[in-house]
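Next come the structures, one after another.
Presented sequentially are two complexes of chain A, the first with chain B as partner and the second with chain C.
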Partner chain A sequence: MNKKIVCLLLSLILLLSQTGCWSYRGLNEITIIAGIGIDLDPKTKDYLVSCEIIDLTSTGKESGTKAKLVESRGKTVMDAVRNAKKRLLNKLYWGNNEVLIFGNELAKSGDIGNVINWFLTDAECRETVCLVVSQEKTAKDLLSIYGLDNSVVAFEIKKIIADDENVVGTMENVQLFQAFSILNSPGRSLALPAFRDVKNDEDIVAESNGEAVFKGDKLVGYLPPEESKYYLFAVDEIHGGILTTSSTDEDQTDVSLEISKSKTKNSYSYENGQLKFTIKIETEVAVDEMKPGVDLLDEDTLEKIEQREQKMIEERTESVIKKVQTQYNSDIFGFGNMIYKSDVKLWQQLEPEWDKIFPTIQVKVESKVNIVNTSFLKHS
Partner chain B sequence: MFHFISRHKKEMVTDQVEHLNQQLDNNPLSRSLQKNVDTIRSLFTDVDILVVRYIQNRQDSSLRYCIAYCDGVVSGEIINENIIKPLILSGESAADMKSGAHLLDNLVEKVLLISEVKKTKDIKEIVESITYGDTILFIDGVEEALILNSKGFGTRAMEEPENEKILSGPREGFNEVLMQNLSLVRRKVRTNELKMKFKTFGKMTRTKACICYIDKIVNKNLLKELYRRLDSIDIDAVLDSNYLTEMIKDSPWSPFRTTGYTERPDVVVGKLLEGRIAIFLDGTPVVMTVPYLFIENFQSNEDYYLSFFYTSMSRFLRIVGFLLTIGVPGFYVALVAFQQQMLPTQLLISIAGARKSVPLPAAAEAFIMLLVFDILRETGIRMPTNIGQPLSIVGALVIGQAAVDAKLVAAPMIIVVALTGITSLLVPKMNAPVIYLRVFLLILSSSFGLYGFVIGLSGVFIHILNLHSLGIPQMSLSGALQYQDIKDTFIRAPWWDMITRTKSMTDNRIRLKSNRGGNHE
Partner chain C sequence: MEKEYFTLRQIVCMIILFICGSSVVLGGSSEAGQDSWICLIMSQIFAIPMVMIYARIVQIYPEKNIFQVLEILFGKFAGKILTALFTWYSLHLAALVLRNFSEFIAITSIPETPQLALMIVMGLVCVHMAKSGIEVFVKWSLVNLAALLLLMFLTIFLLFNRIDVTNFLPIMEHDTKTLFAGSYSLFAFPFAETVLFLGITDHIRKEDKPLKVFLLGEGLGALIVLVVMLRNISVLGAAMLKTENFPSYSAARIINVSEFLARVEGVISTNFILGGITKISLCLITACKGTASLFNIKDYKTIVMPVALCSIALSLIIFSNTMQMFNFLNVYKIYAIPFQILIPALIWVWSEFKAHFKEKKADKPA
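Let's turn to the complex of A and B:
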């Protein structure tokens, strides 16, 4: 009996002391970070880290949560982060950080791989942090403004990104671990949401602005929201958003269609050294807005709208792909990755020349639009 | 070492008790009235409530008697009208009645107006009876005495038990008199199958107990086991059924109950009908029932009197309440002091804001607040009712609001403690274990975070699964779990659907012949 108890105690002591995550750290000993912006000083090549921290003195009151900005610089990310402690009472706490913003300069210089690596290896950071590219000069410019609704701009950016794919449909929510795996998978490039500052009424607020296109870990350009929507169609990431078209043949936009469901299937063929990709997009939409007097119960009218919309999706998707192929030469659609997954031998053959092959790929987009709901109002 | 001490103590008690018994055995009754009275007087030296009175028959002065009783526990009217009066006025002459035991029989049959009469030579029995409100009648020249039932002591009225209040259902409750308690049960089960066996506990108190069960339903092995355990009890006094509970408990060091208790006759009858055994004890309204399943901690008699839709929900709430009351403080400390990542950001900010300028770490705060709550609760139980209001003001205002306003305690901790306290009231039958488990989990959480919390909780569940009552598992999670067995656990199934009794507890499982009483299906 005694032996049993001793064994139990010993094993408990060993078990408990051999695991991590059990150092006591009170909530009043931490500085909560809401969002982080990382920039590169072009002259000294120092990392500039701006942390948006929660101002706890104001919480709990009616004014709502306020935030402050902490800046630091260092030779590496870790160095910069630790240097922040020089001006802080408490250690920075990363566990509830929501967004990671790359400055324009940093992204262009090709260092995001580094930063993503550091954030993944650090024990405290979340793997589900949203990644954002700032279209302003620095990431700090994006963090230092006040949010429109929530005064912590990092939370606002996070929410804008999270809701976007279901409501607007202009950007893809790429989280830290996904970005890492995209960067490390063959035949695939990274595209991250881009944000900029805009004037709204009296104040400056942050606004999403399409996608930033990377080649490797270098930023090569942006897709504006009108184009990034069709990028999402091509990679099957669209879950909502609005399509507009015209109900008549005149060139006048008067119909809004809300996407309720969309499915994209990609396939490819390789004949005589020519890669051909087919993108089949099937979309279910609901009519949301319509000029009065159009008979929505008339099948011909609906079919015309559908066809016009199909044509538009096909044209625009193809043009976006063309733009990325020629202008950026970055495989954000993951065409190479598709070949890698289905035919490794072919990929091994194509890989060394992929940069040259990618712009020459012929892409055919086939779209099918179904109107499933007509918001029909009876005229009395 | 501890074994040695306890054994030593036990031997001392046994010695004393045996010493007492020997003293009684050394005084056998004699034929002389005076000698017998002297014996009783010497046994009751310094017991001033003993009354001894000599009586002589008017017709025949050779008939001399003496009655002895304890004042206060007897009914004066019975003694005057039914004992003394017939003995004095009886017309039977000594010649008619004399010649040994014959005289006693004549007295019982022709003279005494007492329903319950017993002949005895045993001085021990005489002492026990006299202290229990009986009157002893000694007759000159007879070596035996009569024990006459003249009990008449003040009893409390039958009231609804304070701590088992219900909304609907029978409202009567037990009081301190064994016979009245038994009558309440007897009346509800009008069958000869309801057995009631008397037994006496306590070397000093000689407390009368009654073991009740329904013969056709009870599991005979359990009954045998219960008798084995009760027979081994060797104690000087039994004042409440908890004395027995602790003596026959399966795991004596576990804070969890392994016997049930109630003050309501309807609960006792309900349990008897499920195959349980009830132990009534004189002098206490609390009746013990065995075996006790773990789920009985969450059951209430009202569950069976109200709609099963409603009571299934209350069952669920009680089980959730149990988990909350043991878990919430530990879980809170683990999240706030270790795994902050688990908190949603907004919640984290709110809690961090509240904890900003609080002096103590969360774990210490939790310990102190739990202690304060337990103190408040304990004072609430013991205090006279008329100072309840000031106490609740002190409790609510000073310790709650003022402490938060003065930034001594963070507001979320007050919420946590309040939740803990309120939910503990959902499971009043587990008041002992929850206090310890709560602190146990809190200590583990404060030193190892969620990891410790989960290990502690697993330990608690392993312990609960290991509990037995009268040798049967309190909580059965075996593969042979049957649908009928869980119909009265997490939910309370409708009456027409509870076809069988719990398997482990009864020899006769079928409760309903046909499960369709009304217009079902």
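Let's turn to the complex of A and C:
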């Protein structure tokens, strides 16, 4: 009986020590990061980190989520991140971070590999963070503005990127782990979404602006949205967006076609030291806009539109590829990677000279456009 | 006290869980990148004959464990030395898995908690498991294998849109040497670790065919590890696979079903805890049985606690940091040769020889 009482008392004492979790952190003890921008100080080579944090003090039911900006600097990324604590109440929490913005300067100097590695190493950061390149002077310029719909601009950028491939079709959503894979796989270069600030009504807002082209981990240039769309065609990452063309032979653009489905197949041949790539693009579109007075059930009309569109896709894709080949000499289309994956021996032979070979590759684009419906109207 | 026995299904489940235990989280060897799955299949070339040897030993000496067999075969003195060696191996393996477990938790979830606390908690569960006897243990395996499989298929299902089959290309990029090295690492960890089951074979009934039991468990275990490996390669790609310490965990972190179902990496931790407990408990039981036979103790259950404390203490001192733990896998495959290959092979050859000799002797008087 005595033993039982002693046991009971002992377990009661034990219970007292079980009242909390070890290293438990409540909401009041963490500062949630929504997005982070990283810049390089050109003079001191310090990393400048700007974090957009959720402002829990002024976030309420009526006002919605509010955000603030925290800045810090340090010799390394981690150093800069920890230095932020010097002016913060709580430690930064990375679990909810959605975007990682590279400043122009940092991307040009070729330090993105470093930053990506830090994000992968750290336990709190997630592998699915979206990567963005800021076309403004610094990454901070993108984060210091307010979003249009969502006052947290990082969340807005993330949503813009995530929806883009289905709605607009100008950007490829590259997540952290994918970027790491691309940087570390042979014969492939990185292309990341680019953002800039634009004036909208009275405010400044963030807007997507095509793709940033990297060579290795250095930024070499940009593709504007008109061109990045055809980059997406080439790498088979387009699932939506609008194609425009004219219904007559005149130069006036008066037809919109909405992409509903697109499939790209690449193949290559290697003869007498000359690499030839063939890109076959098959696209299904719907007619969404047309000048008045056109019979949309007429096969001839539609076929003409299809053919004109096909020609346009072919020309533009080829010209984008040409531009990347000659101006940037960066294999963002993964041509080398394709050879590596299907014929390792050939790749080993080509790899040392790939920088010289890539601009000389002949690329042929074959496009097939099928109009599958004309939405609500028979005649326009 | 009546002796406890396994049923056929129970021991198969246990072998599967034992094989999957830590390897589904540590992801096995990844030096061959996208060709790792080929290594896995190749590792079976070594693993199957080895497992057949283990099974044959059980067949020759039914209802005896390895320690009893050692004493019968090599006499008191030499038998005890081999017993001590094998006991050390199981004790060391228990410590290794314990350390894997605590390092994993410390890196991924709770970095501020001292690892000793994690080890003690985990160790106590395993002590309880070992003390409650074989019967409880096998029932636990049965339930947990179901849980492990369910969680594994859940992650595969949720990662379905992330699977990129071109990640497997180019097939056979690496030369045969790398492939063989990779497959040998996989053989040593986890497949040949099934040698520890020889410590509890006295609980297998005479009628159950040990060959079938071992091969079935080994084969199914390999299949599960293969599925996990295919998932990791196709989702992460070779570059990520080569750098990640815990590829399965990273793969699970990528799961995101329309912002609604995300952050399910806890599933992988759960897998590891379930598999880890099974593996540590089995190592503990084998270590205790070895120690008991070493010191002529009747019931191994009485020494579970001290042995467990030894292995907890050992797990604290074997590595001074995590990098050593991962590097040790390279040493381990050589270090484990005596225990995984030499001792069993010695027993097997010697016992076949003895059996043969006996037969002849029995023939002669007639």
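As a convention for this text, the second predicted complex is superposed on the first by the 352 of 380 C-alpha atoms of A that agree within 3 Å, B and C clash if a C-alpha of one lies under 4 Å from a C-alpha of the other, contacts with A are read in each partner's own complex, and residues count from 1 in each chain.
Going forward, contacts are C-beta pairs under 8 Å (C-beta built on N, C-alpha and C of every residue); 3 or more make two chains touch, one makes a residue touch a chain.
Please read these numbers as outputs of a predicted model, since none were measured by experiment.
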item: First, second, both or neither for A:Arg126, with chain B first and chain C second; value: both
item: Which of chain B and chain C A:Ile54 touches, first, second, both or neither; value: first
item: Contacts of A:Leu16 with chain B and chain C, given as first, second, both or neither; value: first
item: Which of chain B and chain C A:Glu98 touches, first, second, both or neither; value: first
item: Partner chain(s) touched by A:Leu27 [first = chain B, second = chain C, both, neither]; value: first
item: Contacts of A:Lys341 with chain B and chain C, given as first, second, both or neither; value: second
item: When both partners are placed on the shared chain, which of chain B and chain C touches more of chain A; value: B
item: Chain C-contacting residues of chain A that also contact chain B; value: 22-23, 95, 126
item: Of all residues in chain A, those that touch chain B in their complex; value: 12, 15-16, 19, 21-28, 30, 32, 34, 54, 56-60, 65, 93, 95-96, 98, 124, 126, 155
item: Complex contacts: residues of chain A adjacent to chain C; value: 22-23, 95, 120, 123, 126-128, 175, 177, 180-181, 183-185, 340-344
item: For the chain C and chain A complex, residues of the former touching the latter; value: 107-108, 110-113, 117, 166, 169-170, 173, 236-240, 243, 250, 253-254, 256, 263
item: Interface residues, chain B side, partner chain A - complex; value: 336-341, 343, 345-346, 348-358, 361-363, 446-452, 455
